[in-house]
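Going in written order, the chains are labelled A, B, C, D, E, F, G and H, and every chain counts its residues from 1.
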Amino acid sequence: MDWVVTVMLALGLVFFTGAAVGILRFPDFYSRLHPAGKMDTLGSFLMLAALALQELSHFTLDNVLVAVKIMLIVVFYFIASPTATHAIVDAGLRAGQGAWHKPPGERP
Amino acid sequence: MDKIFLYAGLALCALMLASLYRGVFGPTVLDRLIGVNAIGSKTTVLLVLVGFLFHREDMFVDIALAYALLNFVAVLAASRYFQKRGGLG
Amino acid sequence: MIWQIDLAVLVLVVICAIGALAVKDLVGASILFGAYSFLMCILWAVMGAVDVAFTEASVGAGVSTVFFLAAVFRTSRRSKD
Amino acid sequence: MKLISLALVVLLGGLFMAATADFPDWGDPASPASVHVSPRYIEKTMEETSVPNIVTAVLADYRGYDTMFETAVVFTAGVACFLLLRRRDPRPGPERIYRHQATGVIVEMRHKPAKEPAGEVFARIDDDWVPHDLIIMNVCRLLIPFIQLFGLYVIAHGHHSPGGGFQGGVILGASIILLALSWDLRTAMGRLSEAATGLMSAVGVFIYAGVGAMCLAMGSNFLDYEALGPLMFVDPVHARSLGIFFVELGVGLAVMATMVLIYKNLASEGRLDQGL
Amino acid sequence: MDMAQYIPVLLTKYNYWVYITLMMIGLWAMIAKNNLVKKIIGMSIFQTAIILFYVSIGAKYGATIPILRHGHNGAHEAIRTVDYINPLPHVLMLTAIVVSVATLGVALALSIRIHRRHRTLEEDDILTQLREP
Amino acid sequence: MSLVHSIVPLLAVLVSLAALPGIILARGRPNLRETVTFAAAGLKLILVASLLPYLLNGQEVACDLVRVLPGAPLAFKVDAFGLLFALVSSSLWIVTSAYSIGYMRGLDEHSQTRYYCFFAVALSATIGVAFSANLFTLYLFYEMLSLATYPLVTHHQDAEARTSGRKYLFYIMGTSIGLALPAMIIAYQQAGTLAFSPAGFLAGKVSPLMAGVLLFMFIFGFAKAGMMPVHSWLPAAMVAPTPVSALLHAVAVVKVGVFCILRVITGVFGVGLLKSLDLGLAVAWVAAFTIIVASLIALSQDGLKRRLAFSTIGQLSYIVLGLALLSPKGMIGGSLHIAMHAFGKITLFMCAGAIFVATGKKNISEMTGIGKRMPWTMAAFLVGSLSVIGLPPAGGFISKWYLVLGCLQAGSIGLLVVLLVSSLLNAAYFLPIVYRAYFKPPSEAAWLEGRHEGPAAAWVPPLITAACSLILFFYPQPFLRLAQMAVAGLGGGQ
Amino acid sequence: MTQHFPALLVTAPLLCALLVSIAGWLRPRLCLPIALVGLGVATLAATGMLAQVLTSGPIGYRLGGWDPPWGIYYFLDQLNAVVAAVVAWVALVNLAASHRAVQADYEDKQGPFYTLYVLAVTGLLGMVATGDAFNLYVLLEISSLTGYALIGLGPNRAPLSSLNYLFLGTIGASFYLLGVGYLYIVTGSLNMADLAELLKPLYGSLAVTTAFSLIVVGLWMKMAFFPLHAWLPNAYSQAPGPAASLLAPLMTKVMVYVMIRMMLSVFTVDFVGTQAVLQQAVGWLAVAAIVAGALFALAQRDLKRMLAYIVVGEVGYMVGGAWLGNRIGMTGAVLHLINDAVMTFCVFLAAGCIFQKIRGTAFEDLQGLFKKMPWTMAALAVGALAIIGVPPTCGFFSKWYLIRGGLEAGHWGFVCALLFSSLVNVVLFFRLFEIAFFEPMAEGNGHGDHHGHAPAVAIAEAPLSMLLPLMAAALGLVALGLATGPLVKYVITPVMPTGLW
Amino acid sequence: MPQTQPPEDRYRAEADLVSGQVRPVKRIYSFLFVFPTMLALWVVLSGRFDAFHLTLGVISCALVAFFSGDLFFPRPPHPQQTFILWLRFPIYVPWLMYQIVLANLHLLYLTFHPRMPELIDPHVIHFRSSLKSELALLAFANSITLTPGTITVRCSPDGDFAVHAIDRASAQALPGEMERRVAHTFGED
């Protein structure tokens, strides 16, 4: 069990790292939203799921409920995160945020 | 196991630093918003992790839950601002 | 309490505070201030002050940032410093 | 000026730093703060108030008087915002703007119409209107009941887990604010009118102070919940627990209403017509 | 936390140092910043710094959060003070947070009122306006 | 000396205050208003006079009110000095009231109700000063008087009144707060009490240096006494309506100042202490300097009231001089001069006012031959002048006589010379006026038509006071008796 | 019921504030009566408590029924009781006078206005009554927040002044809170009496000194002690009339009370006595405050602003007196606290009446006011005399003690500053009175000579509802002055600690 | 001034909810539907089954259902569709999860690719979806945001979508299979 948890945590961290690096590396704000919106979601899903699993390692009713609550966080997060991402991108468009375009010559 | 949680937590802090870079150095306000939003998601996880470190995860889950629900409000408010006022500084 | 995380977050907090004050755009400053209160929330959770952390989470995320944004919305977002 | 103040601040900081030398170490379990007053709270809370969350017990019982004023502070802030911002003169420009739903034609009315156009065909909009966003609106309307329930849960479980009236109240308030953000201020006002928020914030604090006054009326000291035992047919320890609960309810109500009140006034510059 | 023993003695107070740093940042913003909202942010940081200080007082190595462990059957082990973090500072700081939110609300309301009249939030501009009626 | 407790002193103080509501309520009906004033004045005189028997029986009347400060309650005690002063002022109030009616109505002045109100308050304060049992009470009424007289001085509410009022306040309040108050507090700090005692409450409690500093702080602090260099408010205050000037210069204000100095010398320091430190002589020389300089200035004044004002400054210093001699005769002379000068000077001022009412003239040079037109007024003026110069058959002679005796008793020939020289100067600045009035051809043709005195209320009062001055020469009792008793009661002075 | 007076003192106004708020939404006309009832009960409780304390010694009250170090404890000795009584009375009388002004300017906001008013008083009373260092902070914030709102309601630059006040006030309150935190970290207690005991062995500690400095500096900010006074003049001169006449007399005084309480009951004179450098410094700061307050006041051309600067000077009196380090000075400070509350109230209320009538308080607006509003001006004059320090008004007596304290301590600077300020006050007020007394004569032609009559200014007094409270205040000044003896003997002397000589 | 309305924001005439003033559903219906949902959530949250907390739970749920039930169910739910939703949603979620993982791996690859700017080509595509109900649109829109390289920018009630794609490959997948599955889940196929 511990190993599963550890691996999931590590995977979650990998995605989080991807998100963090992504928002640093991507050229414009729209493309930064992709790692920020998605990888964060999956990262938190993995980590929280790992923690929920860890919680289930002592299988009592209380712990199960806590695990469910942790998963509830995930559920809310899955609803809220894309919405937030969408809100931000919409705001960006309405605010007239210019987008980064690939230089035409590089397009395949 | 605690060690792993601890290191995971520290790793999250380090990642927050990276997101914070976007938050502090922009360049546009929306970039800041992305950075802060990213910090928010890590915070949620970190809170639960801290709960595990204290062995009182049942107590910390509520906070994380509240956080997950409310973090959204702030981001939404910020994006509403741009939707209504437009313009970027 | 977990001093390692505490120390790490403290560093973030200071950066965030300076950032929030350094940013010229008030919306940006408000958003960063929101991040500042997220970090504070972690800090307090780390020190075992769950109730304080909870309060900070709900206030910082749900209310004070929105208040700032609402006020900036009704005034002006430009700032000379 | 900036440099002077910077120097001043650095100097002051240095002085403070120097003073930390006399502090007990951070996290020292034997520091004076940890051995003088607080042990009693930790050790006796359960048997005296039957509340496992020591913070709640101290907050609402041992130092319940502080908390009453804390709630009053929130209430004050709400009233203050109302007093400072609320104004009844109309916003300059057209009195009302409607949007014909089918065609998207926008109608501006200079004066308040005698009869409100039907909502089916025309929708009233703000002058800095942006189209409602289907995703945000729908997600929020789905989330809001959950947030509210969560807020109520937090209030109700303040005894056993972190949280309590204040946090729950803020969450409840945030749910209304979320409604105002994702839809518009008018919708939120339709659910929780100005007078309702104003009254609720006062009533919330009144519940708190009223519980205290009830103790007084029962011949005990102010906020001594034990006196309420006979009224609720429970032993004094549970009376304290219940007293704490009632008080938290009041706090929650007051905080929720106040947060909404403040938001409304801030976001609409006191006109309560359209917001962020 | 077995690592605690490795902390150099000098480092036992870094929390207090950071609180001072934050407080000074906030104070500096309140004094030197020109924009009123910036000042308000500085004020909030200032207040949080004090909360940080208080919460730091309450911290205790090797202790858990101040919510008693208890089963549903009401049975719980003997309560020892060293096991639980000092709850009193937390209580105080709950109040302080509430106060800071309330202050924030009033401050923002005032700044909106100022903007309503002067159409700016820069203090020097406002003062210039006031000087030349 | 036995003590009798009675509320009569309090009543005497309050009676004019009690008249205030009546005066205000009757503001629409001048006759009624003036009746109230008269009633109060009469009652006050009766109350004050009713204390006389006690004093003559060798008793003192005390009245403790509130224990405000430990050792310094709000309290009255009537001793001979106080009664002497109270008698003078309360009897002159009646006369002045009568004169006010003539003057104010004659000139159709505005705001008469306010005028009478503050007049009443001023009198209250004067009696309060006279009856004060301690320095605190004295200070209280002193300040009350300063404030009550301000609206009187600035009655005309014009630019000149404003300037003068400013000067008046600056000197009076400035000195009392800047010098008298700290002196009083230091004295209290040293002695723990402020109650006047015949031997002086500071006796034996202060170092010589401190005593000297305190004494001069008091003497200049009570600037109403007009000691140079804090005298210049007095000529400035001449812008006031003449009854006010009369009151200020003859009865209330300046005499209160002098009375305060009297109290300081007799009650605070005590004759013994001052003698032992030779401070009396120092004060006496300050007074002497003031006398000479003021008289010289008076000589050069053309405005009648201004001349009278400088005369007053000089005359006040006579009183101070007499007291500072610290010899019994000198002190009797000094305190008697309070009364004598009061009657004399008030006559002079009323005459000046009467002239103004009748002819509108203010300057001496314009009054040539006015004796033809206003013989009675100028007769009164003559008597007043005689009294102030100190020539028989006017009351002033008696006090001057005692002063001279006092100088001899104190063995101070220098001061004696000053006295004599100054008397000559007095004569030099008064008698030419009389001469000019009677023996020079009138400057204005209208005056030749004969006697035309103006309203009776304006010229009868000066005649009365002039008569009083004459009477006091022949029958100086009870003032002389009181002065003698007072000085005898000082014990240390013998 | 009498044993519950301490609770009633604070909770009755609180409950009534809430009722006022509710009434504000439902029946606005009931606001004022409810507020009056609330403050009336508080005043009754305060007065009853004063009597109780005077007859049977200090009383305590355990809120929530918990014993002192754990629960919040009210401890009322003579000092609190009298300050509470003064606060309650002044607030009540001012409330009674507020009707017209509120009606005129904030008719549709009566409910919130009175709510905040009563809450402000609640906070002030609570601060006076409480014996718990942290509880004091919460109450301080209540009264401050209400203060910010009430001041910010005013016209023109009021919001800016109020915001500045808010910033400085927050720094001050936070410093106070921080100081309490420092105390807590070294002792572990928040109860004042407990703290005093626990601090005794710690007097040498740097942390305690820092705590003391923080608390005192924080309080100075709230009371506008000289170098930290910048917020006060604008705030109090711009505030709406009823708010100004509530806050200006009470807020600073209560802060001074808290400072004295901290000095006497928490740190004790033994500790304060060891801070010789601080004591010297504060002494001279007080001198600077008095002189600066006087000089700044001299530069003003507006009645309210002038009064505000006078308040700055008065704070200097009290702080200076309290820090002289002797019994007389402390007595003077406490006495002046009481007196100044009433006299500042009197003058601010008079200014409010004037503003109510002529819609301005600039000097040029005041011409002919003695004719127009004789009673108001009479009351203002009485207040002015009290501020100048003319017996028998109360200002004289506190100044008396203060000067004596200065002499006792050998602090000549303080004595001179007091005298200087009194003299300047004479100039200040009589300059004002000159304008009100002479000006109409200067205008127009034909009035220059003294034969002229004053131009016919119709008497237009402030409404009776304002005038009566004003008269009461003016009379109170004299009554308080005459009651100095018993006040010092029965109220102030018993609370003076033995450490003061 | 009102902003000019962008062409893609066309509303259906019956979108009465926009005004927020019309409550087409009777309270009781929404109450009946929302209350059980809330109660279930409460049980999970609370984890306490004593009478006191359960009573509180019932009261709280009733309150929420009463005051905000019409937000949750703005119009009477279609029983059949609801049933289908409950049945098919659990099938949809694992597929979505799979897509999310794919998306993330793709992004991870992009992020850490040293020549990342050459790989990406951010652009906005427009398409029209045939989904009808708002909930289905919502689910679709959020699924798009969560999955490969695409973020929903706009989504109008009549199914006009604007989607920001990080590269061409991601864009080509839309609307494609996801729309079908969403339609299937919501019983709209």
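As a working rule, a contact is a pair of C-beta atoms (placed from the backbone, for glycine too) under 8 Å apart; a residue touches a chain by one contact, two chains touch by 3 or more.
The structure presented is a predicted model; accordingly, all values stated were derived computationally and were not measured.
Participant: Within the chain touch network, how many edges lie on the shortest path between chain G and chain H?
Facilitator: The distance in steps between these two chains is 2.
Participant: Among all chains, which one's averaged Cα position is nearest the averaged Cα position of every protein chain shown?
Facilitator: Of all chains shown, the one whose C-alpha centre lies nearest the global C-alpha mean is G.
Participant: Given the two chain pairs A-D and A-H, which is bridged by the higher number of C-beta pairs in contact?
Facilitator: A-H
Participant: Express in whole angstrom the distance between the two chain centres, defined as the mean CA positions of chain C and chain E.
Facilitator: The answer is 10 Å.
Participant: With chain centres taken as the means of their Cα atoms, state the distance from chain A to chain C in Å.
Facilitator: 21
Participant: Which integer distance in Å separates the CA centroid of chain D from that of chain G?
Facilitator: A distance of 32 Å separates the two centres.
Participant: Distance between chain E and chain F based on Cα centroids, please, to the nearest Å.
Facilitator: 70
Participant: Please set out, as single numbers or ranges, the residues of chain D touching at least two other chains.
Facilitator: 16, 20, 23, 27, 31, 33-35, 37-38, 41, 53, 55, 59, 63, 66, 70, 73, 76-77, 80, 84, 128, 130, 133, 135-136, 139-140, 142-143, 146, 150, 154, 157, 160-163, 166-167, 171, 174, 177, 181, 262, 266, 269, 276
Participant: For chain G, write out the residues touching at least two other chains, lowest number first.
Facilitator: 134, 138, 141, 145, 148-149, 152, 159, 184-185, 190, in rising order.
Participant: Can you list every residue of chain B that touches 2 or more other chains, as numbers and ranges?
Facilitator: 33, 35, 54, 56, 58-60, 62-63, 65-66, 69-73, 76-78, 80-85
Participant: Hey, which residues of chain D end up touching chain E in the complex?
Facilitator: Residues 1-2, 5-6, 8-10, 12-13, 16-17, 20, 23, 25-29, 31, 33-35, 37-39, 41-43, 45-46, 52-55, 58-59, 63, 66-67, 70-71, 73-74, 76-78, 80-81, 84-85, 160-162, 166, 262, 265-266, 269-270 of chain D touch chain E in their complex.
Participant: Report the residues of chain H in contact with chain A in the complex, numbered from low to high.
Facilitator: Interface residues on the chain H side: 44-45, 47, 100-101, 103-104, 107-108, 110-112, 116-118, 120-124, 141-143, 145-147, 149, 151-154, 164, 166.
Participant: Chain C touches which residues of chain E in the complex?
Facilitator: 1, 3-4, 7, 14-15, 18, 21-22, 25-26, 29, 33-35, 37-38, 40-42, 44-45, 48, 51-52, 55-56, 58-61, 63-67, 85, 89-91, 93-94, 97-98, 101, 104-105, 108-109, 111-112, 115, 119-122
Participant: State the interface residues of chain H toward chain D in the complex, per the touch definition above.
Facilitator: So the residues of chain H in touch with chain D come to 1-3, 5-6, 9-22, 34, 38, 41-42, 45-46, 48, 53, 56-57, 60-61, 63-65, 67-69, 71-72, 74, 134-135, 137-138, 141-142, 152, 155-157.
Participant: Which of the residues in chain B end up touching chain E in this complex?
Facilitator: Spelled out, the residues of chain B in touch with chain E are 54-56, 59.
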